[in-house]
Amino acid sequence: MVTSYLIEKVGYYKVLIGLLLLTVVTFSLPEVVVSKYTFSAQMFIATVKAWLILMYYMHLKGEKTIGWSVLFSLLIVAFFFSIVMIDVNNFQYTDVSHITSPTK
Amino acid sequence: MGKSYFDETHCAIGHPKSTFMQWMLTVDHKRIGIMYAVVMFTFFFVAVAAALTMRFELFSPGQQYIEAQTFNQAFTLHGVIMIFMFIIPGIPAVFGNIVMPLMIGAKDVSFPRLNWFTFWLYIFGCIVALTSLFNFNISEGEVLFKFADTGWTFYAPYSLNTDTNVITTLVAGFILGMASILTGLNFLVTIHRLRAPGMEFFKMPLFVWGIYATAWIQLLATPVVGITLVLAILEKYFGIGIFDPSKGGDPVLFQHLFWIYSHPAVYLMILPAFGIMSEIIPAFSRREIFGYRTIALSSASIAGIGYLVWGHHLYTSGMSDTAKVIFSFLTFFVAIPTGIKFYDWIATMYKGKIILATPMLWALGTIITFAVGGLTGVTIAMVGADIHLQDTYYTIAHFHYAMLGGVVFLLFAGMHYWFPLVFGKMYNETHAKIAFALNFIGFNVLWFPMFIAGYMGMPRRYFDYLPEFQIYHQISFIGALIFVTGLIYMFTVLIRATKNGKPCGPNPWNATTLEWHLPSSPPPLENHTKVPYVDFRPYEYHHGQPVVKFDENMRRID
Amino acid sequence: MSVEMNTNNVLEGFTSSAATFAADIDQVLWVNLVLSIILFLSVVGPMLYFAVKYRASNVKDEDIENITHHTGLEITWTVVPTLMLAVFFWYGYSSMKTLRTMPDASNAITVKIEGSKWKWRYEYPANSNGYVHKLGGAFTKPVQDENGKVIVKGTMDKSALYVPVGTNVILEMTAPLGDVLHSFYIPAFRMKEDVVPGRITKQWFKADKVGEFDVECAEYCGTDHSYMYSRVVVLPKAEYEAWFNSNADTPKGNYAKGGDAVLQRHGCKTCHSVTTDKELIGPSLKARILTKEQVLDVIKNGQAKLGYDMGAMPAGLATGADAQEIAAYVAGGLKGKQPASFAACSSCHGEDGKGNFGVAPSLVSYDATLLRNVLKHGKKGMIGTMPPFPYVSDEEVSAIAEYLNGTK
Amino acid sequence: MAHDSHDAHDSHVYVPEIAVDREGKEHVVQGWQGDYEGGKLGFWLFMLTEVMMFGAMFLALTYYYTLHQQDFLIASASLNRWLGGFNTVVLLFSALTMGLGLLKMRHGDVKGAKLMIWTTILLALVFLGVKAVEWTAEYHHGIFLGLDALQSGNEHSKPFGQILFFGMYFTMTGLHGFHIIIGIGLMLWLLKRINAQKVTPDHNILHFNIALYWDLVHLIWVFVFPYFYMIGAGDIAGGVVHGH
């Protein structure tokens, strides 16, 4: 009983350290790396952090039904994103339209 | 015979003595289902009244009785009530609550108190919607009809500009959405956790499959419209800019977000209705259903594909042409599983013994009307055709055939089918059949001319129209009168039967699913006396008789 | 599907098909109709047949067969409909391709369209004289007698979209930023596309028949959505060219210049009554009757948008009972005894409150300055929001002012 | 799955029913009472709705980001990254304390668990405090919903992209803050239930679910933070001074 408590506790701290490290990366990355990729890099790090939290803090590891449900909903969101983005990126009259032109 | 659920109940709080309080506080799924039905039914008649007002106004061109603004509020009221207060809670909240737990051998839903809370949340949402109807100008003693005039779609920027009570209506929509989410959540957990031992997913009755697929849509699509409504409210209050073109906001984004929910919502309505169809057809053909697995899986795939096709409402919205093509392509995939279901039902009738009792008549009638609704849906899923037909009466006719001729008809079928289960009494078959005939004829006379008017270019949401469309509107008006007569007739028959109907045993239809194996009729408080072990398929017949039989301890004796 | 045209038509042209691609769309619908009927019968036919053949009185219990699978059939009713759907998709897609592929701009006339609350406006490219045709305007609602019978037909005045036959026309469409969605729908051409504030959307057509065809608004846009008509007039090429290169307003003559016609054309009358005191969406323009609330609001908050020489009217010139008294007096049309507190106003608005030579507005009648500025900036006040009308010309403003004040 | 043998943590009062099959074998019936797995599943499903809500908002945000990248970067660069970063760390630690609290509860250390919950509440309050400081500062810079800079058509108006960025910024951080406030309420309620012995080491589904909720709030911030505060960092916005 006590040992399992310790193991789990250590686990929490390990994840914490991982998350802290990633936060530091989040913070310092833009100063170091080429800025064009800042956005993607930031979102990538955030995804890794989210994964850590889901798996360890939220104990998703080993949950079958719940795991699939989460995955299913994420896939749906991903689909929403992709199609709506296809739409904005393919809108034919972006340059002439007031609200979609990049500069005011 | 023991006490029925009408005599005793569990309550969310305390042990009230008065019958009234016992109903208000009840956590029993059957009672909650009945209360939903009563409330929905009441609102429903408000919406029907709004519809009739529109039909009267449209009887001939020009202004007849009401002002343009009032007409616009009337169709908004009609749409909002029909969609958010009637058809979306609709079959899940009524029959999902009443029969789904019985069908899987559960004593109640997973979270009975949440179920009670959800019901009251729904009522609260309805009350908020009602408060948005009027503005009271106390100092001048005026009452102004100020219901939103945006259409049930609340398209920005019109909804942001109008000075009617849009915010209250949006809040009501949000609350009703929450109630819908919680219903779905409750059912999902119930179906996952509380099936009787031995009942695998592929041994569940098909109605439960319908509810299951629907629950996923309620859970994962509703939040999107919820947040869209919240964003619209924030936009109206604080001007965050997100849908306001003068700040760079894009009205088309609103349409995306709105239909991301509202398209799946139409499958949310139809899937449990299809479930009812799958119960009725084998029961009245006295034989096992054809293609059980394909029907079950098609429900799941309709729900899944339903998430991917919302853009077919945006064919003329100014969306990019690329997206139009993608959405048109994806939309057709919904028709395949739906078609499979239809053919499976027809095949179930083959070499059966078809009993044309009232529920079966409604079911077969629906096969006709929904086929029209679905096939015309396919017509407008073709981009080129929809560019002409979008926002015309063709679309209106399509979705009334789908929602009224599909969902509501099957709701009626279910009402006749489960009436003896809920009340332990039987209605008068002859009268019920006449009512069906009136409804069926009235419905078609009401809506069919609208396909032609739409094709000719009659736009929807028109207060006034050009004289060449008069004939269609007039035929339609006559249909509406027949239809409403039929409706009133039908309800009279049913309501009278709750008092004077002949008592009937627990299984008047010789049906097979678990809800017909209750110890008494109407069912007792905690459903089956004992939970059965389910090692059989849901629709097992032999020579027209149910195969599975139970003794009073719910042990199989066949 | 052709139907006898009603001779009382206000507008014409629904039933005919008059653009090069309209026939394509009709063909799509025909194909769809035929296949749909086949599919419909494939479901309903067997259903009715079984319902009769296997009716309860016709079947002995022993003859019931519990068939639950038939691989061949199941494949058939999955594959055949799928193929049909592929056909549908193809027709929908290819017809859309025709509809949505804009012709080369050099080979077409590009007309700018603006849809705004309840009127359509068209702007042509400059002609050989450098003159830019600007047409369009609001539809006049039909007038009914008390029995609901139409006594005056709705009319489009002369404004319409004039195009030559057999020529590509590209429509470049938008709506003002403060406005709402509309949809430019020509049923006879089988085409429509929404008009979105802040976005440009386009559609095109090539009319193959000379004639007049209706334009409807097919996206709900508020109270008078159902009166947002216009029309397309397809002219023989020569006639079109002659008009286009002239400075005449329309091929059929010039617009009436009178104030009433101008009010009509710009759609003022959908919001304002001119002949009665009735408040529609905005105040009646019969006389300048400010409501008590409006006056109080202006006294309290000042007024800066009217653009008189004085500049802004300061806020808080009068308070409490004084303000109430003034408001009552002004709202009453400056009739009766002038209250003493009105002195606070008369320094700018004149002793009688009827204005001061363009320094400050008259409180009972309209002058051109007031009109021009309200039209230029719009007006947001107690009653609601009036959209700006920046394109109304000075001449037109004078005509309106003259008309509005001449009738009193 | 339906007939999972019932969990050791289950309620002590409820005795599940037994179903008997044709061979006479007995099967435990899962009742709704004391269904630990069901409670967990239910709560996860609830959280999925939150995912969809914030997913939709991120969708709107990304939509405008693709249209107005430059403006987004400029606007982002004007946010105070140090405060945002500090808050990130605060939430990180609060997630830890929440988790440890649950751990202690499960292993019988009720007192320790309560302490951890209080710590979490404290951290949550710190978060809200910092947020308040930030919003006040922005307000004084003239950037707030309803102020001229975020209105259209006046001389202080910002370009579309920035109006939209800030509109979404206030909306999303506001809604996130609202979740934090609800979280604090839930934790206080949890403490009350613990004190009333309704939540015990054997019966801790409420504690478990609130811990899940808190992780979700954290999870949302994990995306909100970089999206709003970090995308404009570095040299990207063309020499705009960072922070204030």
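When the chains are written out, they are named A, B, C and D in that same order, and each has its own residue count from 1.
In this text, contacts are C-beta pairs under 8 Å (C-beta built on N, C-alpha and C of every residue); 3 or more make two chains touch, one makes a residue touch a chain.
Quantities reported herein were computed from a predicted structural model and do not represent experimental measurements.
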A-B or B-C, whichever has more C-beta pairs in contact: B-C
Interchain centroid distance [CA atoms averaged], chain B/chain C, Å: 35
Distance from the mean Cα position of chain C to that of chain A, given in whole angstrom: 46
Euclidean distance of C-alpha centroids - chain B vs chain D, Å: 34
Chain A: positions in contact with at least two other chains: 65, 73, 76, 80, 84, 88-89, 92, 98-100, 104
Junction residues of chain B, two or more chains touched: 192, 220, 224, 245-246, 248-250, 253, 260, 321
Chain D residues counted as touching two or more neighbouring chains: 1, 41, 45, 48, 52, 55-56, 59, 63, 67-68, 152, 159-161
Contact graph of the chains (line, ring, star, complete, other): other
Residue ranges of chain C in contact with chain B within the complex: 1, 3, 5-6, 8-11, 14-15, 24-25, 28-29, 32-33, 36, 39-40, 43-44, 46-47, 50-51, 54-56, 59, 61-70, 73-74, 77-78, 81-82, 85-86, 88-89, 91-96, 98-100, 141-142, 144, 148, 150, 177-181, 183, 185, 187-188, 190-199, 201, 214, 216-227, 384-385
Chain D to chain B touching residues, read off their complex: 1-3, 17, 19-22, 27-32, 35, 37-38, 41-42, 45-46, 48-50, 52-57, 59-60, 63-64, 67-68, 145-146, 150-153, 159-161, 163-164, 167-168, 170-171, 175
Chain C contact footprint on chain A (complex, rising order): 92-93, 96-100
For the chain A and chain B complex, residues of the former touching the latter: 65, 72-73, 76, 79-80, 83-84, 86-92, 98-100, 104
Contacting residues of chain D [partner chain A, same complex]: 1, 40-41, 44-45, 48, 51-52, 55-56, 59, 62-63, 65-70, 81, 85, 88-89, 92-93, 95-96, 99-100, 103, 107, 159-161, 212, 215-216, 218-219, 222-223, 225-227, 230-231, 233-236
